[in-house]
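Take a look at the structures below.
The two complexes that follow have chain A in common; it is paired with chain B in the first and with chain C in the second.
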Partner chain A sequence: MTRAAIIVCWVMAIGLALFLIAPLLVIAAASFSPTPVFDLPLTGASTRWYGKIGRLDGFWPSLLLSLEIALFSTAISLVCGTLAAIAIARGKLPGANVFATALVSPLMMPGLVLGIALLQGFRAVGFTAPWATLLVAHLVITLPYVARTMISGLARFDFTLIEAARTLGCTYPGSVLRVMVPALAPSFLIAGIFSFLASFDNYPVSIFLADVRTKTLPIRMLQYIEEAPDPTLAALSTLILAGTVILLFVSDRVVGLHRMAGTSD
Partner chain B sequence: MTEAALSAPVASPKVDRERLTAIGFVLPSFVIIAGVFALPLVLLLGVSFVDANGLTFANYKRLLGAPYYLWVIWNSLRLGLLTTLIAFLISYPAAFALARARGPLRSLLLATLFLPLAASVIVKAFAWTILLRSDGIVNETLIALGIIEDPIRMIFTETALIVGAVNIFLPFMILPIYAIVAQLDSRYAEAAATLGASPVVTFFRVILPLTLPGIIAGVALAFSLSVSAYVVPTLLIGEKYPTLATTIAKAYLLAREPGFGAAAGVVLLAIAIAVVALSARLSREPK
Partner chain C sequence: MSEGSPHLVVGGVSKRYGPTTVLDHIDLTIRRGELVTLLGPSGCGKTTLLRAIAGLAQPDTGKVELAGRDITNVPPHKRNVGVVFQSYALFPHLTVAGNVAFGLKVRGMARREIDIAVERALSLVKLGHLAGRRISALSGGQQQRVALARAIAVEPDVLLFDEALSALDRKLREEMQVELRRLLQEVKATAIFVTHDQDEALTMSDRVAVMNKGRIEQLAEPRELYLRPASLFALNFVGLSTRISGTVLSADNGKVHVETKVGRLSALGSFQAGSPVIVAARPEQLRIGGGGETNSASGRVRSVVFQGSRTLVEVDAGAGESLLAELSGRDGAIPDVHDEIRLSWPVTETFAFPMEAQA
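What follows is the complex of A and B.
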């Protein structure tokens, strides 16, 4: 590459990094605002907004609901998606490629359209309990993340290793547990984190299935922002961000971020 | 005799059992995708042809016949196109720098991609409402730098919408491009240079075609996500920039017109499917 091109590339990369990180830093800074308006740059610092998060109207039930739905849907999707990925990777399934595409296709579909489709579908069969409809709907949100990650993870796994372990005297469950599980653990962790975050952050599907008493945290947050945005929301956002940072940091320690980017080195 | 002939008959008990196990393994996922994804979408298509008087094309006539709703559809496409174009122009060169970075710098740059990707869309859109306020940081910085004298109105303008959308959908553009660029063998470019190609020719004839799969994947992802965005236009521009997504939400949550909302949903779905089909076709084509 020519020198000028390299300089342009670096300027873009650094600009992009600053541009992407800016809103996150602003939210964190605004959460320590001493006044109810977002006075930036800060003229002082106050942590009182953090104390007010718990008093936001309907906060605790919404947080609990979002955590429950995200945990349960991720757990179910991890089991179903991994089983499907194994069948696809083994190559004994007729039409495996078509099914693999179908499994990840919800990722490319507009969330809002899925939301109204599910609302119509659940109504048509008389399935209207909000908690249960949210859980079932979030399976479609989380399953594609698990399927995509596990299919690419299993594509690199050599199934003859299981046979080798069995030849060497390992039982079948034992060889799966001691050979396959450790090899797939990084993919499993990445799949779990991204599917949890996809569910926890989902708004476009949840909004059509929630009712007055059953609102997920993103629905509540959008409502707070539209009604009365104050630094309490920035404090709540900062805590959610901090949780995300911890999740990513742990996964980077365990598997390395560059693996999530899809590069192999 | 070939090995394939030796392993016949095809319907041996072992093959049968393996196939049954495979089908058993995919069954739960199949039930979810068929029952909670494919069937509801088919039902939605059906609902879009229904109104109070029974079967009808009225929903589509209303959506595709009125200048107002054609403007709404154009708004969605415009949001998708502008976001995708700007995100691509930033991402493509940046991906090359990212691929050259090593050690802690690479980790830092990757972290600035993954953290926003994992962060809540609502949180980021909310941050932009703070950043772009008339007394917000962007305005005060521009005034301090002497670029403008008085605060300019940015929030609830198309500029705010596009800045926010590019910010939120950029990682989806750069990651697939980066994944391809990182695997690019630099010897191809060197070979082209050795054979007398100028840097410009090398770029258009060697580098661009080799990185095309990443571009196609990134463009398809960024476009299909931004064309159907709901939270971003709601918070950053509001009522005066109605899109297909906000029209769908309004039809279901406020107006209670499921037939009309479903028709708008089908149009948005058709756009998404067209993008997926086009990108699949383009990435299959031989170079």
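What follows is the complex of A and C.
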């Protein structure tokens, strides 16, 4: 590549990164606004909006609900998704590819369609308990992330390792635990994080299944915006953002972000 | 158990995958401290036999006994075998020492004893200085040694090598063959190698089992295997040879006289008159010149290949038959291409095999 082309590429890359990050910086700045109406340039800094987060109407139950749903759906998806991925990568099932595509297909489906479909489906079979329907719906959301990550993780896994462990004195389950699980630990971590985040910030599916008493955090946040758009919401968003950044930073230390982005193994 | 008594006994082991018979009533007895190679082309069943011994493949019929114990239905983790896999199968999340210690930890050995055993195994393969390395930081040859140390560390009753040297480059492989044989003799290990590499088989083993289509065609010491191949397959798979087809004219006390397109030849063997056969001889038995009670044929030299200590001469004997002679420089003149020469070789070094065996 010529020098000019490299410069153009760098300018494009930096521009795109700014475009992606700038709104996040604005919301972080807004959360420290001293006045209820956010205005640039800032005339000072205040953390009072952070103190108001906990007093938002229905905040704690919604946070708890979102955490519960995200943790449970991630845990169940990790187990089921890994088993399904083993079946696809290992078992010589006829139509394994079709099954793999079907498993990952909710990723490509608009959340809105998925939400309506699940609502209608659950109604049709008389399954209406809000907490349980939310959990099942979020399984549909999180399972593809786990399955996709584990299928590619297993594709690189040498199953001879399990045989080696068995000949060295391990039982079959013991070999899976002592060799396969540690060797796939990075994949588990990546799958878990993506699954957790996908569930935690899901709005379009949850909105169809929530009721007055069972509202996930994203639904609650949209409600706040409609009722009282002050910087409290910006403060909450900033906290969620900070939590995500810490999560990603820790996983980068452990396994490397390039693996999470899928750009290399 | 004393040396020389049966240590590993494979009796009537068969294995089918769907319509394919992979192992066809295999019988194999190996003495304690013996190094045996299963040699054959891919798909001959050699790896399946190794896996049946390791417990990774369950035979349909037959039994496997190891160190006086029937292990036919014993799962692999209770067999006390050591396996070195083609891919080495080293655990990527553990260090070199962690890999070698794995089998000992699983056996619940005390930490101090593990450390001593790991150090001993690593020094055997000359990798003591790399104990703390990660697997991914090792070269192929070093990984091979770690895999060996890991298998040796548990002091298995038998060591099994599944194409363990095939991933190394040629020079390293040849060095490892010699070193591995010396090391295994040093620790008095009983070992089975699976390979398709005849040089590896001849270099490493006390006995070689030539396998074809799920059966053992010949089980013999390397020298005997080369000098007295039991079948056309064994002849072809190990070493070079001249092969001429013909029809048996007559037979008398262990010899047959065969009419071929290059003349009448005699060979060891007993066949009925009229049987189609292949007459064969090893290239180093062929000499320039004719004479007396020997087989001989003549033709025009097609190629002369100089290989250092020896020269391979291929002669077109007409009618689609060719002769292959290996001449050493000391024997005198090496012919030139297009020379008309006569080659002769002793009847006692000429074999005859049934024609259909080639199919």
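By our rule, the second predicted complex is superposed on the first by the 263 of 265 C-alpha atoms of A that agree within 3 Å, B and C clash if a C-alpha of one lies under 4 Å from a C-alpha of the other, contacts with A are read in each partner's own complex, and residues count from 1 in each chain.
Simple rule for what comes next: a residue touches a chain if its C-beta (ideal position, glycine included) is under 8 Å from a C-beta of that chain, and two chains touch if they have at least 3 such contacts.
In this text, all values refer to a predicted model and were calculated from it rather than measured experimentally.
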{"item": "Contacts of A:Ala242 with chain B and chain C, given as first, second, both or neither", "value": "neither"}
{"item": "Which superposed partner A:Val250 touches (first chain B, second chain C, both, neither)", "value": "neither"}
{"item": "Touched partner set for A:Leu64, first chain B, second chain C, both or neither", "value": "neither"}
{"item": "Partner chain in contact with A:Leu161 - chain B first, chain C second, else both or neither", "value": "second"}
{"item": "More chain A residues in contact - chain B or chain C", "value": "B"}
{"item": "Chain B versus chain C as contact partner of A:Ala228, first or second or both or neither", "value": "neither"}
{"item": "Touched partner set for A:Arg90, first chain B, second chain C, both or neither", "value": "first"}
{"item": "Partner chain in contact with A:Ala185 - chain B first, chain C second, else both or neither", "value": "second"}
{"item": "Partner chain A, residues of chain B touching it in the complex", "value": "15, 18-19, 21-23, 25-26, 28-30, 32-33, 36-41, 43-44, 47, 90-91, 93-94, 96-98, 100-101, 106-116, 118-124, 126-131, 133, 136-137, 167, 170-171, 174-176, 178-179, 182-183, 189, 199, 203, 220-221, 224, 227-228, 230-231, 234-235, 245, 248-249, 252-253, 258, 261-262, 265-266, 268-269, 272, 275-276"}
{"item": "Chain C contact footprint on chain A (complex, rising order)", "value": "158, 160-161, 163-172, 174, 178-179, 182-183, 185"}
{"item": "Chain A partner contacts - residues on chain C that touch it in the complex", "value": "54-56, 75-79, 81-83, 85, 87, 89-93, 102-103, 106-107, 150, 154"}
{"item": "Chain A residues within the chain B interface of the complex", "value": "1-2, 5-6, 8-10, 12-17, 19-24, 26-27, 30, 38, 40-41, 79-81, 83-84, 86-88, 90, 92-94, 99, 102-103, 105-106, 108-114, 116-121, 124, 136-137, 139-140, 143, 147, 193-194, 197, 200-201, 203-204, 207-208, 218, 221-222, 225-226, 229, 233-234, 237, 240-241, 244-245, 247-248, 252, 257-258, 260-265"}
